[in-house]
Amino acid sequence: MDVSLDLLFNAVISGLLLGGFYAAVSLGVAISFGLLDIVNIAHPAFILLGSYVAFTANTVLGIDPILACLIAMPAFYLLGMLAYQVYYIAFERRDDQSLRGLSFFFGLLFITEVTLVLIFGVDYRLVQAAYIGPSLKLGIVELPLRLLVPFLVSMVMVVTLQLFLSRTFVGRAVQAVAQDQGALRLMAANPVKIKRIAFGISIATASLAGAFLIIIQPVEPSIGRDYIGRVFAICVLGGLGSFPGMVIAAMTLGIAESLTATFFGPSWAPAVSFGVLLLTLAVRPSGILGR
Amino acid sequence: MASLADRQAQPGWGALPFTLGLVLVAALIFSIGRWIDNSYVFFAGYVVAQYIVLGTAWNILGGYTGYVNFGITAFFAIGAYSTVVLYKLVPAVPLPVMIAVGGVLAGLVGFGTGYLTLRLRGVFFSIATLAMAVVVQTLITNWDFVGGARGAYVLRPRTAPLIGGEYVQYLFLVMLGLCVLALVTARSIERSALGYGFAAIRDDEAAAEASGVPTLRLKLIATALSGGFMGMAGAPLPYYVTYLDPSSGFSLNYAVNAIAMPLIGGTSSWLGPVIGAVVVGGLQEYIRVTISSAVNVLVAGVLLVVFVIAAPQGIVGLFQRKR
Amino acid sequence: MTALLQVDGVGKRFGGFVALEGIALEVEEGERLGLIGPNGSGKSTLVNCICGTLRNELGEVRFAGQRLDGLPAHERTRRGLARSFQLPRPFGSLSLAENLRIPILYAVNARGQAISGGAIDGRCRAILGEVGLAAKADRLPRDLTQIEMRKLELARAMAAEPKLLIADEVMAGLSHAEVDEIIALLIRLNGQGVTVIMIEHIMRAVMEFSQRLAVLVAGRKIADGEPAEVVRDPEVVRAYLGE
């Protein structure tokens, strides 16, 4: 009994830590889907791109993966702005987001995945860092550093962005874009420009999330797909556009998956997010903190 | 619905001459294959025919009603794995029966997914289908009876029933038959009240409701039909590949091709997916043989992105004068 | 004899905002009712609740003696309740004639009439002719002006062959002569037995058309009666002119 209680406790803790990482993964979609109403299903592909940036910098130059992806963030920001510009001209302006816009992102997802396969192959890749391996032991609780470090950095990122959105002019304009584009024009801000910045930020978060991903688990190009269901489940469950809701949802899902993996086997974990997603859509589409 | 269907007097061929014409074309293609008498022709032809069915199936929901299904591999694999199950339980079941079973199962799953998510905005349906592909894959990976992650072997009979020759000829013939069935269905929908209802949903759902269109029921019909045809397209797969594992059965290639082909060919009519499948499928086969199989999978993705940006009406649209 | 449309105690909220409160309204068969009110007074919300586009949380809507609450919009259209949208919502990929084909296929034929093939097309064109769009029957909605779009909205509602037609601001932006045309058209429809609710800002049109006038202000009905009397009602005057 004691052993299973230990197991349960540790499963919950690692689920919580995993949830922190999921929050970082979902943050970009919380911005693009939640605030900008752009259904960027290619977001996990950008995250994977971040993982391979970390991998390359780490193996070739010996740089810390998180540091490498911090440095790469501006490049991801520009990439995001470019992607939005294309999306705006080709789909948003033509009011053709639902069929062709979605397919566009699906195509991006596929192209990124296949390109990564062509460059890096289908083998699992991993990175080296001092915090990968050791654990912090507090009584019966074991805190693996490879989960704890991404958790902490991820929380810093979420809080920073929340502050940016609520305290700065551009941040408030981003939130206004979600509510009413006409009002934004009255503020003499160009909604397209604001959305471009916001989308750039959302892709920039993918860089860091990619570093976390490859710290937590070895990476190969097709695992990005596993995150699509997870990320959207988290965003929908958290109520679109709400960061606190998103974090709570991410942790809930992290714990649910961790428990499933501990008690039913890791191969069942991917099904959890879908179950949660379908249940949320069927029962409460506005999310746990939704109106 | 039946009382409403097919009441329009549309210019062009009626359903029967169209069907006969398609059967004739299919027979002609098959005879040419027999005349060339090289099994490669049948293997390559099967792939293109399979994509015509998949693309048409996707288009019935995506092109006609505007709801994007990303979970193609789920439906496709349900068809394929239902054949594996039948093969293990009652190997004597003829292939067409297996196809029917796979189609019905996939159609039911489509209906269920639609029932849960089609009341919401279209994007939620799309996201749900994406996630569903992952889940069906998880289920199959954990199901030992069908081989789990290790995969399953299916013994391909040496000779084809009825027609003689290699079994792959029979597979190709069956897939051609499915093409005819899918295309006749798609074209009849376009010309029926159902097709007008679908178009109204695609253009403006609230206005469709206000005009008397039972939108939820029509969307469910489209999802079930679309899923069913995807399942049927997947059902013969185990015999084609003889070894089926989750990672190949759920390969993203199927999904990308099924979406890319209608969008490249044109989503507004039954002809679009056919043109898309022939052009893209042919190009892929050419690149696979001449350059490399790694590059060939990129083709559909790149073409998809290029076409949705630059030619939203697809190849059919390029040749059609704008009204 | 009961009224064709009975709206009883209907209320609707959006979050904390009360859009409609305790609305009671009866429309007799064959009547011509005008419904007016300042912008944001809840006119369109009421139409949406009657037609099933929105669900009313409180009260009930009865049509031809039957409860409509809980029925989806398409079922209400099939029972003879048609509306035009204030902001035109045409089917963009279908020609004008095909736009009208949808309600004929799905509302009229669902009543068991089963109009067939060529007859449908003829009827679509005839209705387009009545609103002055016959020449553009084979064009796409994107070729229309905003004003023509409003006429298309009205035509599509007419094509459903309703017992009750709700025309939601179909005349905005029309010229003097065009307003007269539409009024004549609606009166002609009414003469054929169609009950009509007209929601309009153009007072000249409302006064000329309506046999009875109801006024909504801030989600409540503040007046209902003889048009000439209603517009003299001090409360109505105050609502319109401000205090």
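Just a few scattered comments:
So that you can tell them apart, the chains are marked A, B and C in the order they are listed, and the count of residues begins at 1 in each.
The criterion applied here is as follows: a contact is a pair of C-beta atoms (placed from the backbone, for glycine too) under 8 Å apart; a residue touches a chain by one contact, two chains touch by 3 or more.
The structure presented is a predicted model; accordingly, all values stated were derived computationally and were not measured.
A comparison of C-alpha centroids places B closest to the centre of the full protein.
Distance from subunit C peaks, on a Cα-centroid basis, for A. Centroids of subunit B and subunit C (each the mean of its C-alpha atoms) stand 43 Å apart. Averaging Cα coordinates per chain places subunit A and subunit B 32 Å apart. Work out the mean CA point of subunit A and of subunit C, and you get 47 Å between them. Shown for subunit B are the residues in touch with two or more other chains, of which there are none. Taken together, the subunit A residues at the contact with subunit B in this complex read 39, 41, 86, 90-91, 94, 96, 98-104, 106-108, 110-111, 113-115, 117-118, 222, 225-226, 228-229, 232-233, 236, 265, 267-268, 270-271, 273-275, 277-278, 281-282, 285. By the touch rule above, subunit B contacts subunit C in their complex via residues 3-4, 7-9, 193, 196-197, 199-200, 202-204, 206-216, 268, 323. Only residues 62-63, 66, 68, 70, 116-117, 120, 122-124, 126-128, 130-132, 134-135, 137-139, 141-142, 149, 252, 255-256, 259-260, 263, 267, 294-295, 297-298, 300-302, 304-305, 308-309, 312 of subunit B touch subunit A when the two sit together in their complex.
Across the interface of their complex, subunit B is touched by residues 51-53, 72-75, 77-78, 82-83, 85, 89-95, 98, 101-103, 105-110, 114, 116-118, 120, 138-140, 156-157, 160 of subunit C.
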